[in-house]
């Protein structure tokens, strides 16, 4: 039995952003066990002050290259709710479809390129391409669809172009949608093989129950708008998100930790799965069964498994949306009008690959943003990661330090942390509140 | 022997590295030409022995300077990857206020001292940079072209004409002609006018074209009914640092900048200097 | 071999061959048979076309030299037609992308050649005249084609005066050949450098200072000056001062070129395409267009 | 040649019949205006349209055109070997519908530039397969056009077919034997009768008064006006304003300057030499190695463009370089226009000479 262990993983790899894992065990007791976020702070909320509202989605998509469409969507929803914009049905359909593009891109990247190498015993996707070429090729085919979907709808995945307050500035042609539909259809066998691949991996069994929080919608397993729900039974409208996120500062990270009813909670694919398993597309439900994933699941490593389930779900949902759009045709629409008023406020929220994301803006009469607040999923997960690590360490303490390190890294990676995003947090007391 | 390349990130969204990953997916042959020895976002293997360093992100704190200098010492060629590294980019929006102001706004009075920060700047403000791949995010085809040029031992060149050239070749309806702002006429081409092609005006993420005519760009935007403040907001989305730098020597709308003549312009204070805190 | 192209453009149809025609833009693949270092910046390449085919040029013309993957550049032919059998020579300065890569090529390597292009010097009309040739710097490369041609039928011409200016002694081209010219006895050759080194004991100063040292018959002299714009402008003034009329003064205009066949527009001097109607022009012709001088 | 009558309701049949054998392109409506695009259904074809953003020159000289493919390789003996193979891009039987008379003048110039002198086989190969179907302009496109000034309101003799809308039907003039065959092979049409020809005459003479003149001088005077005005003040004023964005030349039906460069594939051995549209308004156009730029200032570049339009091209090809289509005026964001410039130059020259 090891009495003293010091682990210091400087800049965890295969995650987005810079984080260090620090574990310090003396005489068998954990002195320190934390994920330190060392990403440079970026101050997006501060930057937004004084900018025209229609720039906000373009500025905030730059918070994160992986969840760029997510940030843009949350930002647009915040402005739109503040400015009382009524979206057309077509806009809503196109937004959902673009969102699936990002969800797929991110989940495929994470499961195949960042997680799979751990299980298949290689350091990264580059040797994986040599050892398991068919796996990598399949991932690339699926990722290409995700990329094409984003490109056709909004110009590109990283920093979408065509999304604007009230609608879109560019529309796909029906021919392009038909082409995408065909592409998706052709990939269904790849999707099935993906499920199969991940059902055979040796998933760690570590388990720790916590509170799971996600957005819920009445009639779908959706990602945009809705209500905040928790596995502890709470339901809140978006406007009251502060009650959930409750951020507090932490001295070991430039991101702020969040706590709702317990010391920590988890957001992301597993949280969504636990909360709304019943709303998944049938094929996604059977994929979950094939993977052996049942709600509720308290195994954080299986967050990646829930992502695989969501890949299936998003594929099917994208095909449904494509069918609907192809059937109704796509019209060029001018963005819906805005109503400017003094001190208009709005909260926009969506459940991005890594969990719930909130943007809140106050927009002045001239259309300039007066106050802004953004709460990022990884920020909400940090406290939970720390607690998971503390619970994990005693169970593996007898293993070799490299093993321990590896398992810790895998745990952090399972959360698919988007550290560069997480370095934004509030403290803003809105004036007049 | 294949040249060894490494990727580094500073303050950024990692979207440019993601674009590199995309480029590797579509052009796997790139791996036959170079050996990637460090790429934290995508791989765990790591080596400090490299010749070409691609650096993403701006420098936003003093302690990052040391890391940058280390990379510079090791690398034969340093390439700024994307707007943040090349221009300072969107990170420089915070430079409109004092650091204390933004720190307090985001972290509160108690938290602000916890995290180090200083005005954001391009990496060229800290170390010598041999080439830049502009864009937010970078264009994957330009990335591949520039890698090729480096491998041929040529000096990477960027288009030195405005975006409108590419936009016209694509036969897009002009955004400015529709009365909406587009910075195409003063922005360096190379992205294949992707924003106007998707119906949105260019925001200048690739930096200014060498002959950018700010005076008349302002006139055009005024014609759309934009106030000077709104025009500044348009100009500064990615280029706040550049405008600030120019502000020390020349006013942003000095006509002397616009006509290819290089006579020095009169000294005036930048319009883009940080506003006073309320 | 199939590789993904590096451009995000698509062509509307698959390119297909247009049978029976050759493209004017398609270079002939030629072989480098000799490389000679001239100065730190210039090398002379001897090039052989397939089957040793004769280039068929006149002095003052140029070829377009291609390095596939890098580009194509105009280069004057430095060998004279009288000495061009199965090979011809180019002297190339390392000035940028294409020329930089050319400098890495070696004997046996292949390059692309198109041409010869342009209007050369109408050497037939020079017969019987005194020739004053005043090249500056790299201008000696195209001038040498003319000089060698004259030497090879030396009796057809009157005096042959060469005034050559280089920036420094180390930048002097073809030193071995120049020594030969100096010893022949039928060439009056004066050289100058702008900046001498410790070994230089010749003339110092810009090329125009050499004019003080020569007497010419203004009625029977044809002058040819090739060099950078700043240089030929001053040389022209000297020549006019010596009593030459504008149509007795020939010069060469080098502009950016992309096609060599009068279409791409880059080399235009007012309405004239210097790749076609030039690069050799008389001063009298040049006077008619503002952009020339 | 001969005149035929094509009833309007038969246009669709004609287009469909052509589509069996040809790529058919024509003016279509876009979000912001009109553009020449492939015609999939006849409803897309807009024969009464305002000038497109890009002229039909894009079918004659594509924006990006592969000239040849290359392969370069290092041989086992260490020698660098190269291989080249010409490519003729976009060579396919194409019918271009609805070409305005101004744009036909542009095509006429292109034919001189590319098919005469050194024959550009890439152009000629494509050109030989293109059928031009013109359409008579019966009213001005908008205030930007000045075709009447430039004498381009009548069709030049380069069309294969030329259509005039005379109400219930189009009168179709066959300009070439191959045009006539194209028509007769694809649709059943009657020859025009005497009264049809009279009707055509009425329509044609009714159109002229609707077109305004914008130039203060006649087009034949532009070369001499420009010769006089080489050193005019106006060039500096325009140079100040110009954005050097190249839009004016890219949209111009008579601009044909191009750049050539090499694009290598990722393996760095195979690649293509391509030609791309270039613009004399861009800084690099006349720049040479070593840094000397023969047209350093924007003023000198604006002047070069106007000189080409009104003088140089005329000197070289005996056709004016401007068709009065007004595209450059529509594209320019700082209002630099051909009529405006020529008129201002005319005024400046008059003032100078004290008239």
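Letters A, B, C and D mark the chains in the order given here, with residues in each chain numbered from 1 onward.
The working rule: a residue touches a chain if its C-beta (ideal position, glycine included) is under 8 Å from a C-beta of that chain, and two chains touch if they have at least 3 such contacts.
All of these numbers come straight from a predicted model, not from anything done at the bench.
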Using the mean of all protein Cα atoms as the middle point, what chain has its own Cα mean nearest that point? B
Decide which interface, B-C or C-D, involves more C-beta pairs in contact, and give its chain pair. C-D
Rounded to the nearest whole Å, what is the centre-to-centre distance of chain C and chain D, using the mean of the C-alpha atoms as each centre? 36
CA centroids of chain B and chain C: separation to the nearest Å works out as 42
CA centre of chain A versus CA centre of chain C: separation in Å? 65
If you average the CA atoms of chain A and of chain D, how far apart do the two points sit, in angstrom? 51
Chain A residues touching 2+ other chains are none
Multi-chain contact sites of chain B, meaning residues that touch two or more partners: 27, 29, 144, 148, 152
Check each residue of chain D and list the ones that touch at least two other chains. 31, 63-64, 264-268
Within their complex, state which residues of chain C touch chain B. 3-4, 6-8, 69-70, 97, 100-101
Counting only contacts in the complex, chain B reaches chain A at residues 9-19, 21-22, 25, 28, 31, 36, 39-46, 60-61, 64, 89-91, 93-94, 96-97, 101-103, 105-108, 110-111, 114-115, 117, 136-137, 194-195, 197-200, 203, 230, 233, 237
Over in the complex, which chain D residues touch chain C? Could you list them? 62-64, 66-68, 70-72, 77-84, 86-92, 113-114, 117-122, 124-125, 230, 256-273, 275, 278, 280, 285-290, 292, 294, 304, 307-308, 311-313, 315-316
Where on chain C does chain D make contact in their complex? 1, 3-7, 9, 11-13, 15-18, 21-27, 29, 66, 68-72, 95-96, 99, 105-106, 108-112, 228-229, 254-256, 258-259, 261-266, 268-271, 273, 276, 290-291
Considering only the defined contacts, which chain A positions touch chain B in the complex? 11, 13-18, 39-43, 45-47, 49-52, 55, 58-59, 62-66, 68, 109, 113-114, 117, 123-126, 129, 140, 143-144, 147, 154-156, 158-159, 161-162, 164, 168-170, 249, 251, 254, 420, 424-428
